[in-house]
Each structure stands twice: as C-alpha cells, then as structure tokens.
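Pasting the structures here.
Here come two complexes built around subunit A, the first alongside subunit B, the second alongside subunit C.
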Partner chain A sequence: MNYENFFVPALLVAFPLISAICLNFIHGKDRAVKGFAFLSIIVVLLLPWITQYGVYWFGGHPTVENLEGTNIMLSKLNLAIVYNFGIIQKIFIALLALLASAAILVHFTERVSGVYTAMIMLGIASASAVIMADDVFNIFVFLEILTISQAALVIAVGSVRAYKTAIKYLILGGVAGSSILLGIAILLGRYGMLNVSDLHKVITVESQVGISHALIVACALIFIGWLFESGMVPFHIIKSDVYSKARPSVGAFMQTQTKFVLVALWVIILRLFYGISTFNALILGVSILSMVFGVIMALRQTEFTRLLAYVAVAQAGLVGVGLGIATEASVSASVFHAINDALAMAILFLSASIILQITKTMDLHKMGGLLWKSGLVPLWSMLGIFAVSCMPPFNTYQSEFRIISAASQAGYPELTVIIILTSIATFVALIKGFYSIYLKEGQDYLSAKEMDRTPYSDRTEYVMLLLLAICLAIGLFPQNILQYIQQFVSSIGVI
Partner chain B sequence: MYEKFFEKIKQGEDIAGAFTGDYQMILLVSLGVLVLFRFFASTRFAMAAAFIALLVVLRALPLVFKVSKEHSDTFDSMLFYFALTIGLVIILLGGI
Partner chain C sequence: MSLETLFQPMCFLTAAALVVVGLYAVIFMDNLLKKIIGVTLISDGVNLVLITGGFNKIVAIISPEMYEQGVKSTAFETLTEFPEFAAQAAFPLPSALVLTSIVISVSIFAIMLALAIRLYQHYNSMSCSVIFKEVDE
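Let's look at the complex of A and B:
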C-alpha cells in the first residue's frame, strides 16, 4: 500500500468527523471516552504534518468544456468537493488541533463527556473544511456545522445564561447562514457553478463588461455571512457573548476558529467579488468599527472572560483592517496577525481557565489576591498580556508593526494612529483585569488550607507555557512563517 | 462632563476605563471623518470636516456610556443592527 497517497487532505475533515460520531456513541462510558478522545487528539495533532500538499478532488471534478464564445476552459456543473492544502492551511489546521487538544485535556480534569469532546472534534472538522474548501456550497455546509458545534459547546456549560446565548447565536447564525445560502443560490442561478476557481474565471470575464446587480446582491448576502462568522460589527456582541459563556479553554479554541475562518472566507469572497469598487472600503470600515468598539467594550467589562472576548473581537478587527487595505504587504501582515493573535489570546483564555478552577467565578469584583497563591500563573498571564498587546519580542509585535507600516505605505496614516491607540487601550483593559485578579486585596472565596497555594490543573499551565514559547519563537524568527504567508498571498492572484 | 462622570462614579462605574474608551471614540470619529473626506473631497476640506467632527464629539462627551448601552445583549437590539447592516451593505456596495 502506498501510504503517501493515503494521507490526503480530505482526511483532515473526515477523521475528526468520524471521531465525533464514535465519541457520541460511547458517551456515558467514561474510560472509553477518555481513551478514545486521547487517541483522537494524537491523530488530529499528527495529521496536518503528514498530509500531502496539493489539490484534492472528490467526484471527478476536472471535467472541462469551453465557455461559450471564449477559449476559457471550465468545469461542467457538478457538486464535486475540492480541497486545497498548502503550508498556510497546514499552519491553521495544526494550530486548531493544538488548541482543541488543549480544550479536551482541560476537560479531562472534570467528568468526561463524549458529546462535549465530539463537539470539539466537529469544530476541528468544520473549521478545517472551511479553510481548505474551494467550493462555496461545501463552505456553507461546514459553516453551519461550525455554528452548531459552537452553540453546543456553550450549551454544555449548563447555565440559563449560556442557554440564552446559545439560542440567540443559533437564531442569528440561522439568518446569517440563510443569507450565505441565498447568495450562493444567486451565483448558482446566474453562472451554473459552485466551484470558486471556476466562478472567479467567469466573473473576471463578465466584469470586463460591467458588474451586474445580481453579483452585487450575492456579494452583499455572502458578506453578511462573513460578518457573522468573523464576529465583525454588528455581530461582535453575540460573538463575544459566545466566547465568554463557553468554558475558557473552549473560548481559546473558538476565537482561533473565528480568526482562521475570517481569513479563509475573505479569500473566497475577494476572489469572487474583487471587481466591486467599494468592496475593500466596506471591509475596512467594518473592521475599524469592530476594532474600536471591541476595545471600548473590553474596557467596560467586569467579567474576565467577557473582557477577553471583546479583546479577541478587537484583534479580529485588526486582522480585518489589514485585509481591507488590500495590498500584498497588508494582507500578508494580517494573515500573520491572525496566526499570532490566535496563539496569544489562547494563553489568556487558558489563564482564565485556571482562575475559574480556583475562584469558581469570572466576576472581577469578587476576585483578588491571587498573586502569591497561584504559582507562576501570574507571570505567564502577564507575558500573555504583553503578547496580546503587541509588545516586543512577541510575535504579535512583528505582525502589528507590519500592518501599521502597510497602512502608512498605502496612504492611510490615520489608521496607524487608531491601531496604535487600540493596542494601548487593549493593554489598559487587560492590566485592569490582571490587577483585579492578582493584585487587588480580597480572597474570601479561598478556604483556610488554600491560602498559601490554591489547587489547579498543571496541564493547563504547561499548554500556556508551550504557547508562550511558540509566540516568542515566532517573534524572534518571524521570517520562517512570513515567507510562506507571502507566497500564499501572491498565489491569491487578485491583490 | 465632570458632572456626568461624577454621577457615574456614584453609581459604581469604572471611570478609568470609560475615559480611555472616550479617547478612542474621539479618535475614531475625528480620524474616520478625516479619512472619508480625504477620499471623497480635498485634504483641506477633510481637515475642516475633521475639526468640526472633533468639536461635535467633544460637546457630546461622555460617549462611552451611550456606546455601552447600545451594546446590550438583548435579542431585539441585535436583530435591529443586523437588519440595519443588511440595508447599509447593499446600498454601499451599489446594489440599489
């Protein structure tokens, strides 16, 4: 058997899906769930590194014919699924697998639930599919699965507030999903195809004559879906609500999903609708609003996970700003920032997970005095705050500096001021949280025997350390990743 | 403005965060207007517009409490902004 051909990109979606189904079946048998989930984690972590690069076709996609009146070769209409797997997709999926594994490992400290771990696996499968797919309908299907898995992970918390958030998220997700589907229906009705590369070719030919109203409406509808999936204004409220109501370890995973889906979906939308003159301006506008409103709301929060959730939204806005500027330098910096910020934010969400284990609350008014009672966690948290606030030598500094440079070069000096002040405000918001948790007096929630050192799961701390090391390594040697991102951005072909 | 902030302190609000938020709002509005007008009009006109916007924002301070109020977790508010966004996006993309 040729093992090289066995590890095809489809396996990155198929394995977590099969694993999710199996975990659902064995739900209730705790030891079996734990064993199977542990095996699944190992496979999911290994798969991105052993999968072969390239384009993978399901269903014999490359059947071609001439586009009438031209010499452009196009595929006949079929519902084939096409996955592109390159180095950037590998980095995205490997990071998703890492944070999903961290969430499952943290969950092992409680009573293990098969359904809960299955939903995390479903989250990996759906986000991986969206990252790799070159087919709009396939992307829609997996975006829906992603929404459902995220809502299920919020429901798993079991509080009334979490149920309310999940229902709101599902309803808004349903409407946003319908919006995407209607946009796809317009594209299918007008061009008779679903493959993004094919649609790109046809729309490019058509754009030479002019942009049709049907294309603009399809763009608007799919753009609304992108806003929801990316947590941009006006969906930043529900997105932050979802991050904060889920368990913090899962929040780390969810914000990573959102940032990678933001980039992947933007690439698809850009390839289809780059001809619409106001498209990039609109992306830039919503991204600036998300960045500023995200950080303003973070400053106002009294719940630590909600504070982190709004900071995550603001950072997603910063990623969007680079995409909206739409130069090769800004897009490269943005994709780089999506990776960097996902890592840095995960450190803080995991610190929140440890704090929750100790204090059983996320209310900043009720916390305090943990500085000398939680080992080295305050130190890792402070370094995490530096990383999220884009301070050197961390990775986020490298990417934010490049976004600022690109904004300046592209003729937006005002944006550089807004970005720098957003970073300062982010630091203020996070330091406010740090002060309330570690420095402020008052630790009434601790029992007498816990006053010297409080118990928490060491494995969460190890994952934090690993993420910090990755952040530092990327910060010191950014070119090792940036060169692949620059190649990826050049290959998009429309920037 | 002092009275408004003092009132909020009495209600137990975090004023340091509110001040930082207000600085962000001042910047967002004045620089946002500057960018917009710079692209659709001349630089001189953009600077004048940004200055007027700055005066209007300073007059309306504190804005952060109003922004927070609009960021409620209620479903009707979310749906309202969702509907508003669909309309704006279609208009701004040139569909109407």
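Let's look at the complex of A and C:
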C-alpha cells in the first residue's frame, strides 16, 4: 500500500471526529471507553508529526471553463474545504493533543465517561480545523462545534453552577456565532466566495479604489465573534467562568484552545480586513483592556481555578497586544507567547487538578498547609508561577521580552510599562494563591489525618514535569521555535 | 412595483426584524426559555439573510452539465446561452451553507433546552433573576 498521500491534514480533523462518534456509542462501557480512548490518544499525539506539510483540498471541484458575465463562481475559484498545514499549525495541534491527552489520562483511574472523552476529541478536531482552515464558512462551523464541546465539558462537571455557566456560554456563543455568520453572508453576497486566499486577492484589488461599507460591517461582525472566541473584553468574564467551572485539567486544555484560536482567527481577519485602518487599533484597545481587567480580577479572586482563569484571560490579552501592534516582530513575539503561555498556564491548571484531588475544594480560604503534604507538587507549582510570570530562564520571558521590545520599537513606550506592571500583578496574584494553598496555616481537614490517605494522580505530576521541561528548553533555545514563527508571519504577507 | 422586485427587500427586512426581536429577547427578557428562543430567532434571521443573498429568478445550477439537461425542459427554452442562463440562476452555495448552519443551531438549541430543563428542576422557575441570583464574581 502506498502511504505517500495517506497522512493528509484532513486526517487531523477527521480522526478525532470519528473517534468522538465511536466514544459516544460505547459510553457506559468503562473498559471499552478506556481502551478506545487510550488508542485515540496515541493516534492523536502521533498524527501531527506524521502528517504531510502543504495545502490540502478536501472535496474540491475540478476547474471548469470561465463563466464570464455571470454571478456563478464555479470557474477558477475553489469551492473546496482547504486545509493549510505548516510547522506552526503542527506545533499548535501537537500541543493541543498533548493537553487533551493529559485531560483524559489524569482521570484514568476513575470511571471514564465516553461522552466526556468524546467532547475532548471534538475539541481537538474543531480547534485543529480552525487552525488549519482557509475558508471562512468552515471556520464558522468548527467555531460553533468548539463552543458546543467546551460547554459540554463544563456540563460534565455535573453541578448546577456548571449548568448555569454552560447555558450562559451557549447563549453568548449563539449570538457571537450568528454575528460571524452574518459577516460571512455579507462577504459571500458581495464577493461570491468563501475561500480566504481568494477573498484576500479580490479585496486587495478592491481596496485600491477604496474600502466599501459592506467590508467594514463584515469586519465589525466577525470581530465580535473573535472577541467571544478569544475571551477578550467584554467576554472575559464568561470565558474565565468556563475555565474555572470545568475540571482544572480540562481548563488547561480549554485555555490552550482559546489562545490558538485567537491567533488563527486573527490571521484570517487580518488577511481579509487589513485595509481597514482602525482594525489594528481596535484589536490593541480590547487587548489592553483584557490584559488589565484580567489581572485586576485575578488579584480579587478567592477561588484558585478562577484566579488561574483570569490570569489566562490576561495572558490572552497580552497575546492580543502583540498582534494589535502589528509589526513583524510583535506578531512573531505574540504567536510565540501564545505557545509559551499555553504551556506555562497548563502547569498551574494541572497543579490545581492535584490540589482539588487532595482537598476537594478550590476555595483559598479553606485551604492551607499543603507544603509538606503534597510531595514535590509545591516545587513544580512555584516553577510554574515563575514561568507564567515571565521570569527567566523560562520560555514566557523570551516571548514577553520580545513583545515589550516590539512595542517600544513601534512607538508605544507606555505600553511597555503596562505590560511590565501586568506581569508583576500576575506574579502577586499567583503568589497569593500559592501562599493560601501551601504556606498558610493548615485547616481542619489536615488535622483529620485524611491527608496521608488521600492519593493524587502521579500522571498529573509527570505531565507537569514534562511541560516544565518544554518551557525550560524553549526558554534556553528560543530560536529553534522562533525561526519557524518568523517564517510563518512573513508568509501572511500583509504585515 | 411588482411582488417579484419586492421579494428580496422584504426578505431582508424580515431577517432584520428577526434579529432585532431575538436580540431584544436575549438582552431584556427575564424568562430563560425566551432568551433561548431569542438566540434561535437571531440565527434564523441570519440564515434568511444568507439565503436571500443567493436568491435569483430561476433554480440554481451547479454545473454546465446540469444546464445541458435544464435547457431541454420547456421552462428554460428562451434561454439559449449558458451565461445567460447562469446570470438568472440562483446562487446554490448559500442553500448548502444554510443547511449546515441550521444543523448547528438545532444542536445548540437542544443543549440549551436540556440545560434549561435541569435548571428548572433545580430552581422550579425559568426566571433568570431567580436562577442567576447568586452572582459569581
């Protein structure tokens, strides 16, 4: 059998989707679910590394003769679903697969729900599709599926608070999704096509005459969708709510999805609407607000997962700041920071997973005295805090330093001050959490001597260690990743 | 003005009305069920915009081969050239997109309704001011 054209990018979406359907069917059969989930995890982890690079046309029509004088866009235009797979897409999808696997594996000793693992698989498929897709409608479809899978993962917790969060998320997601679809309808009505590369060419030609009002309206509508999917102001509260109500290991996966979707959607929006002069200023404005509000809200939290959720929102804001500055250096640094921060935040979310297993609570007032009761977890957590707070030699230091340099070079010196202050406030918020969990005087549950009998998942600790090693490796050798990011940013062609 | 020329503007107006009513329900109505219906109204309005954008006098064509079959029927005997036929045909792409969009809307609607039932069972009320009384920061 010839395998040369077998591992195509579409498989990165199709396999998790098929796996999700199968897992749904075997829901309730614990051993079957565990076996199938384990096999799926192995395949999902391997797929990004063996998939061929390039552009894949999924269900494309053959080119037909040009139909001049008609509004039918059959000829020369590609009506296929197009997936673009390069090194950056590979890094994004591989990281998603890693954290999704962690979210499944850390609960492997318990009874595993088929629907829960199916929703994680659906999350990988939808985020991968958004990262790779080159047509706007495909992106809309998978963004909606992403919203459904995230809401389902929150529902899986099974509490009334989780249901309330999920329904709020779905209502807002429904409105934001419709907003994106209306933007797409305007683009389709005006240009008769959905492929981003084709739209980019047509809009570039049209922009030489002037920017049409239809384009501005489409931009505004799709921008609202971007705000929701990225968890930017004013959707930062619902996004942090979703992270904090889900299991902490799932929260690690979700915040990674959000950061990668933020970057992928921004690239699409930029390619379509780069001619609109206020577009980057708008991105920069909401990103600064998200960064500042996120960190201020994090400082006020008394629940550890909620604190982490707001820090994740603030860090997404920082990624947005680099994108909003829109120079080649700042965008490279931002994409780099999205990868780095996803890794670093995942360490802290996984530490929260261990703490929840031990204490059965996330309330910082009820916790304390875990320093000598939880093995080496406090050490890994402290290193994770250093990583999220952008301290050397960790990877986030490299990316944040580059964002600050780019902001300074682009003529935004005041922005550098805000970014540094945000980093300090992030560190303070996380240290507050660390103190309350590990250093504060022990609470009642410690004296009940339940601590010594409370096991926690070793696997979670191993994943934390692996993520720390990756953070450190990238921090020491940033150029190994950065060179590919710089190539990717240059290839966008409009920065 | 003929009904045919009014058809498209009326469809757009209906779509705008659906979106506005939906937004009103989502923002101002207290009943959770009405909010959920509001979301579906918005979605329906957008679908209507999409399908009206592709509307044209005669049925959609998807390939020159279909045209060959089409001209053999008496309905299109006046249209002798393919470009002439194509210029008057509906754009088939929005119809396909709307189908997908409807499927997604229905999925979201189903999950929202299931959640609303669970919340009703717990709070014995559909009022958002009751359900979301304890506000999380």
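Note that the second predicted complex is superposed on the first by the 468 of 495 C-alpha atoms of A that agree within 3 Å, B and C clash if a C-alpha of one lies under 4 Å from a C-alpha of the other, contacts with A are read in each partner's own complex, and residues count from 1 in each chain.
Keep this in mind: contacts are C-beta pairs under 8 Å (C-beta built on N, C-alpha and C of every residue); 3 or more make two chains touch, one makes a residue touch a chain.
Quick caveat, the model's predicted, so the values are computed rather than measured.
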Looking at the overlay, does A:Ser277 come into contact with subunit B only (first), subunit C only (second), both, or neither? first
In the superposed arrangement, which partner chain does A:Thr422 touch: subunit B (first), subunit C (second), both, or neither? first
Taking the superposition as given, does A:Met382 touch the first partner, subunit B, the second, subunit C, both, or neither? neither
Classify the contacts of A:Ile495 with the two partner chains as first (subunit B alone), second (subunit C alone), both, or neither. neither
First (subunit B), second (subunit C), both or neither touched by A:Ala410: neither
Just to be sure I read the superposition right, which of the two partners does A:Val175 touch: subunit B = first, subunit C = second, or both, or neither? both
Where does A:Val141 make contact in the superposed view: on subunit B (first), on subunit C (second), on both, or on neither? second
Identify the partner contact of A:Arg300: answer first if only subunit B is touched, second if only subunit C is, both if each is, neither if none is. both
With both complexes overlaid on chain A, does A:Leu466 touch subunit B (first), subunit C (second), both or neither? neither
Please identify the positions on subunit A that touch both subunit B and subunit C, taking each partner from its own complex. 168, 171, 175, 241, 297, 300
Residue numbers of subunit B touching subunit A in their complex, please. 14, 16-18, 20-21, 23-25, 27-28, 31-32, 34-35, 64, 67-68, 71-73, 75, 77-79, 81-82, 84-86, 89-90, 92-95
With touch defined as at the start, can you tell me which subunit A residues reach subunit C in the complex? 64-65, 67-74, 79, 137, 140-141, 144-145, 147-148, 151-152, 155, 160-161, 163-164, 166-168, 170-171, 173-175, 177-178, 181-182, 184-185, 188-189, 192, 194, 241, 297, 300-301, 306
In the complex formed with subunit B, which residues of subunit A make contact? 165, 168, 171-172, 175, 179, 211, 213, 216-217, 219-220, 223-224, 227, 233-235, 237-238, 241, 276-279, 281-282, 288-289, 292-293, 295-297, 299-300, 302, 412, 414-415, 417-418, 421-422, 425, 428-429, 432
Quick check: in the complex, which residue numbers of subunit C touch subunit A? 19, 23, 26, 32, 35-36, 39-40, 42-43, 45-47, 49-50, 53-54, 56, 61-64, 82-83, 86-87, 89, 91, 93-94, 97, 100-101, 104-105, 107-108, 111-112, 115-116, 118-119, 122, 131-132, 136-137
